[in-house]
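Two complexes are shown next, each including chain A; its partner changes from chain B in the first to chain C in the second.
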Partner chain A sequence: MSRVSVPCHVKGTVALQVGDVRTSQGRPGVLVIDVTFPSVAPFELQEIMFKNYYTAFLTIRVRQHTSTHTPAKWVTCLRDYCLMPDPHSEEGAQEYVSLFKHQSPSMTFPKWLSHPVPCEQPTPLLEGLPDPSRVSSEVQQMWALTEMIRASHTSTRIGRFDVDGCYDLNLLSYT
Partner chain B sequence: MAALPVPLPSAKMAAVEKRRQAVAQATSFTDSGRPGVPRTAATAESEEDFLRQVGVTEMLRAALLKVLEARPEEPIAFLAHYFENMGLRSPANGGAGEPPGQLLLQQQRLGRALWHLRLAHHSQRTAFNNNVGVAYECLSASGRKKKPGLDGRTYSELLKRICRDGEAPEEVVAPLLRKIQCRDHEAVPLAVFRAGMLTCFVLLEFVARAGALYRLLEDPGLAMADRRLGQAVLDTLEGALQASDDTAPARYLEAGSRLGPDSLALAMDRALVARRPSAPMTREEFLEKAAALFIAKVKPVG
Partner chain C sequence: MLQEESDLSLIIAQIVQKLKGSNLYAQLERQAWASLQRPEIKLESLKEDIKEFFKISGWEKKLQNAVYSELSVFPLPSHPAAPPEHLKEPLVYMRKAQGSWEKRILKSLNSMCTELSIPLARKRPVGEQKELLNKWNEMGTDEPDLSLFRPVYAPKDFLEVLINLRNPNYESGDSLSFRTHLGLIQVPLKVKDIPELKEFFVELGLTTGQLGIDDSTQVPPELFENEHVRIGQKVLTQQDSAAAQQYIRQGSPTALRAELWALILNISSHPEDILYYEQLKTNVIQHDLLVDSLIYKDVKLTASNDDYYFVFEDYLYQVLLCFSRDTSVLSHFAYNSASPPKSYIRGKLGLEEYAVFYPPNGVIPFHGFSMYVAPLCFLYHEPSKLYQIFREMYVRFFFRLHSISSHPSGIVSLCLLFETLLQTYLPQLFYHLREIGAQPLRISFKWMVRAFSGYLATDQLLLLWDRILGYNSLEILAVLAAAVFAFRAVNLMEVTSLAAAEAVLADLSTLKVMPLLQIFLFATVT
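Let's look at the complex of A and B:
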C-alpha cells in the first residue's frame, strides 16, 4: 500500500495562559496547534511527520466522531511525549520527528484522524520505576495528614508576653 | 456454655433477671461468675448489693465504656492492660512501706498518661480528645511537692517520649519539638496540650507513611533510594502543599491531580531522564526532608 500524504490545515498557534494576559510576564509554556482535515474521505492515519523547534513535550488529542448520534469526544493519543530529554539543552530541539500508528485495531472516521498510538507507552517508563499507584497512595496520605494539621489550630495562646526570649532570666539579670 | 454477651450491670437488668429466674427454672446458665443454680430473689439482691458496694459495678461499666470508645483489635488484652493500670493507681496496692519518690511518681504519671493517649487513634477525634483530657488531668495532679497543673518540662518530656516510642528518629522530630515545646516553667493550658498531642501523633503517622514511601522508592539491590526519585517525589508533594488562596475544593482538586499516579510517574520519569545519577539518598535524609514539609505547616506555640 503506498503512502499518501493527507491534506490538512494547520491553524496558527494559540498560547495557553493562566491569569490576566495583560499583567502576567514571560511567555507561557504551552502552545496549542489545531490541525483539521477539511472534506476528506475516511482514511487511516499511519504517520505524523514534523520538524521540532524547541518543544520539549508533545501531547496529541483527537476528536472522534464514532457515529452521527453520539457527540464527538476528545481522546488523548499521546501525552507529554518527550521530544527533548533536557529542555535546556540542544538535543532534540530541531529534529525531524515521526510518530507511527501502532498495531491497534484500526478505526476510520469521516473527517478526523484515527488516533495514532505511539510506539511507547503514553508515559514512557524506564525499567525499574517504582509503582506509581502505590507511591501516589502514600504521598496522598502524607498530603492529607499535613493538610489536617494545617487546618487545625488553637486560638488559645500560652500567655507569653516576651518577644524573642527577652524575658530570659540571664538577660533580665543584666538589666 | 452459651456464649452470652457480657451484660452491663444495672438495676434495670437485675430486675429483669429476677423476673426471668422466676419463670424459667429449668435451664441453668453462667454469667458474670454467678453459680449456675436457680436461686431465690433474696440471694440475688444481696449479691448485687455486694458488687455495687465494692465498686465493681461502676468499675466494669467504666471499663466497658472504654472498650467501646477505643474499639481495640484485641479487647481482652486491652482490658487486661486496663485493669493492670488500675491496680497501679489504687492506694490499696501492695507496695513498699515507704511512699515512692518524686521521680518514680513522675515516671508513673507519664506512663499512665501515655497509656491513655494511645487508647484511641487520632482519627477517632472524639475518643482521642477525651483521652487527651484524662491524660492532662493525670499529669496535672498535684504531688506532695508539685503544684497542680502541667508544667512545660513535663510536657516536653512527654512529647519526647511519644516520639521515641513511635520510633521516629530524633533528628526528624527535633524541629517539631522546637516549634511546639513550652518553656520549662510555663503552665501549659489544655488547648495547647491537646494541639500538641494531636500534632505529635499525626507526625508519627506521617513519618511512618514516609518510611513506607521510601521503601517503595528503594533500589532492592542497594537498599537505598535514587536521589533523583526521592527528590522528585518530595518536590511534587511540596508543590501540592503550597498554599494558594483558592477555596478548599479547588485546592484539593489541584493537589489530587498533582499527586495522582500519572503525574507522579511523569515526575519520576522526568527526573531520571533529565539528571545524571548521583549519590543515593539515605532513609534518614528522606525522612528528615519529608518531615520538614509537614513541620513547616505546624503553627508554633506562642
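Let's look at the complex of A and C:
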C-alpha cells in the first residue's frame, strides 16, 4: 500500500487571546494553525507527521463538507492529544510525531483542514512503515537493500584507521 | 494497534540487521549446517528440527543474550523521519552545546600540538617499535618527560559548561524568581523523585536481601548469603544475560562477579577477540599518538598515586593505548551526542578520501579517564578480556558521564537529579550550603563523573557498579551522592566555607554504599 504526500498550505500561527490588547506578560497558551489543501480532490488522509517544538497538547478540528447543499461543519478529530507528559520538562519537547487515521473517528478529509498545530511546518507524509503481517518477507527486502548500501561504504570492521598505511596527520579540523 | 505492531517489526528488523554482521551469526550458520548430519534433523521438518537443536544445545540462549544486549545498548528506533542527529540527541540546544564544547577541546589539543611541535600521530621507527614490544608488560617503568603535557580538560571545566546550559525556549531570566532552579543546573530535564526511585530500585528495599548489607559478619550466612550464592551459580550455569542482570541487583558474590559481569555485558572470549586485541597492540607498536602521552600523564597523575590501583599501572596502559586505536568504538557515536574528531592526512586537507578520525576510536581522554579502567583490574587479569569488558562498559555507560545530552543517565540529568533530591529532602542543608557559597554540585560532580572510582573503597565501588549493570542506569550515582550528603549532614550544617565543606566530604573511603542508599531511599522520613 503505497502512500503519497499531499501538498498543503500551512498558515502562520495565531494566538488565542481574550480581547484586543496584546500583552507581553500574559503569553497565550493556545496557538492555532490553519492548514488548507488547495486544489485537491477529496482524499483519504492516513497520517499527519510533524516535529514538535514545546507543544504539550494537540487538538485537531476538521471542517467537513458532506454534500454540496448542506453547509460545512466543524468536527473535532483529536482533542488534547498529549505530546509532552510533563509540560515543564523536556520530555517529548522536540520529538517527531505521527498521527494515524485510526486514532480519530474514521472520515474522509475534505479540502479544508484546520487544526492547532505546533510552530514547525508539517513535513510531507512518508512511505509506509513495514506491514506487520509480512514481517519476514519485508525483513528480507530490507536486508537486500542494506547490503547494497553497506557494499558501497568502506568497511570499518577490519579496523583500519589509516589511509593506505599512512596516518601522518595535519591538525584536527573544526567542521 | 497498527502503530505498535509496526514499531515492533521495525525493532526486530534493526536488531536482525545488526546481528547479521556479528560473529554469532556466522557461528549459528555453521552450527545449522553441521547439524544436518545429525539423525534427528529430518528434511520434511527441517526448520523446526534445527530450531529444536538450537534450543537444546544452548545456541538459542546465546542468541537471546545477544538480542537482549542489543536492546539494552541501542535506543529504540525513533520516528522514521528523525535524522541521525536526533538519535544522538533530540534537543537541538544540547547538540549545539556539545558541538561548542567539542570545538574547545579540539582547539586545546591543536594548540598543544603546535606549541610543543609534536605531531598528532607518527609512525614509529623500527628500532623504537622493537623497544616498545619488549617492554610491553612493564610500560610503567618508563619515565618519559611529560611535564609539558597538560590534560585537555578536567571535570571542573566541564562542570562550568553544564552550568551555562540554557534552553532558549525556557523563560528563566537571570534574576532569581520562582522559576529559576536553586542549584547550578538550569535546564528543565525530567528526573525521578523518591517515590519513582523507590519503584525503580525496588530490589534495594528494606525487605530484600542485599550483598553489602546482609552478608556482613554479624548476619548468619544461612539467612541470605548462601542462598544468593547458590542462585548466582545457577544463573551462570544457565548462561542467561537477562537473568544475570536481574540477579545482580542484589549484588554479586565476589567469586562470581567477573563471570556475571561478562555474561551481562555479553562478552565471551573467542579466538577472534584475542586476535583483535593483538591487532590493536600491533597498531600501538606501529604508530605513536599524541593522545598516548595524555594517557600516560593521566595514569601517572591518578591511578599510580592511588593506594588501591597503583599495582595495575601496566594493565592500564595496555588497555587504554589499545582502546585509542579501536575503530569499533566509533559505532557508539550513533547514540552518543558527541562526535569523533576529524583530521586529514598531511597535505590532503579537505579531500574526503584522506579524512580520518583522531584518535582512531574518536575518544579524547580527560583528566581521570584511566579511573574507569582501574577497578576492573581487580576482576580480570587476562589483558584481552579486561580490554573487552572495559570497552563494553565505556560504550554502554561511561561515555554518558562526559558528554552533554538529555538522556536520563547522562551527566546533566544526574546533576539535576542530585540537586533536586538534595533540595527536596534536605532543604535546610541545601540552603545552608548555598548561603556559604558551597553549591553541593561543585563537590559531588567529580564523584559522579568518575562513577565514584577512586573515592570509594574498591569492594564498595564494585557493589555500586553491580547495581549500575543490574539497573542498566547511572542514576544510582546521583542517589548515592545525595545519600552521602545526607549521611554527613550534621557536620555539613556546621561548616562556614566551601573549603570546609570539601574537607568534610574529602574522604569517602570508609563509607558503606548499600546501607547509605537503602536508608536514603527507603528509610528517610520525608
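Criterion: the second predicted complex is superposed on the first by the 98 of 175 C-alpha atoms of A that agree within 3 Å, B and C clash if a C-alpha of one lies under 4 Å from a C-alpha of the other, contacts with A are read in each partner's own complex, and residues count from 1 in each chain.
FYI, a residue touches a chain if its C-beta (ideal position, glycine included) is under 8 Å from a C-beta of that chain, and two chains touch if they have at least 3 such contacts.
As the structure is a computational prediction, the values presented were derived from the model and not from experiment.
After overlaying the two complexes on the shared chain, residue contacts for A:M49 are found with chain C alone; chain B is out of touch. Of the two partner chains, chain C is the only one that A:V97 touches; chain B does not reach it. In the superposition on chain A, contact is made by A:D86 with both chain B and chain C.
Contact with neither chain B nor chain C is seen for A:T70 once the two complexes are overlaid on the shared chain. Touching of chain A by both chain B and chain C, each in its own complex, is seen for residues 86, 123, 126, 129-132, 135, 138-139, 142-143, 146, 156-157, 159-160. On the side of chain C, the complex with chain A involves touching residues 1-3, 5-10, 12-13, 16-17, 20-21, 78-82, 86, 90-92, 103, 106-107, 109-110, 113-114, 119-123, 167, 169, 187-190, 276, 279-280, 283, 287, 325-328, 330, 341-347, 349, 353-354, 356-358, 360, 406. Across the interface of their complex, chain C is touched by residues 49, 51, 53-54, 86, 88-91, 93-98, 100, 102, 123, 126, 129-132, 135, 138-139, 142-143, 146, 156-157, 159-163, 166-175 of chain A. Only residues 182, 186-189, 191-192, 194-195, 198-199, 202-203, 205-206, 209-210, 212-213, 216-217, 219, 229, 233, 236-237, 240-241, 243, 255-256, 259-262, 264-266, 268-270, 272-274, 290, 293-294, 297-299, 301-302 of chain B touch chain A when the two sit together in their complex. Put simply, chain A touches chain B in their complex at residues 79-80, 82, 85-86, 123-126, 128-136, 138-143, 145-150, 152-160.
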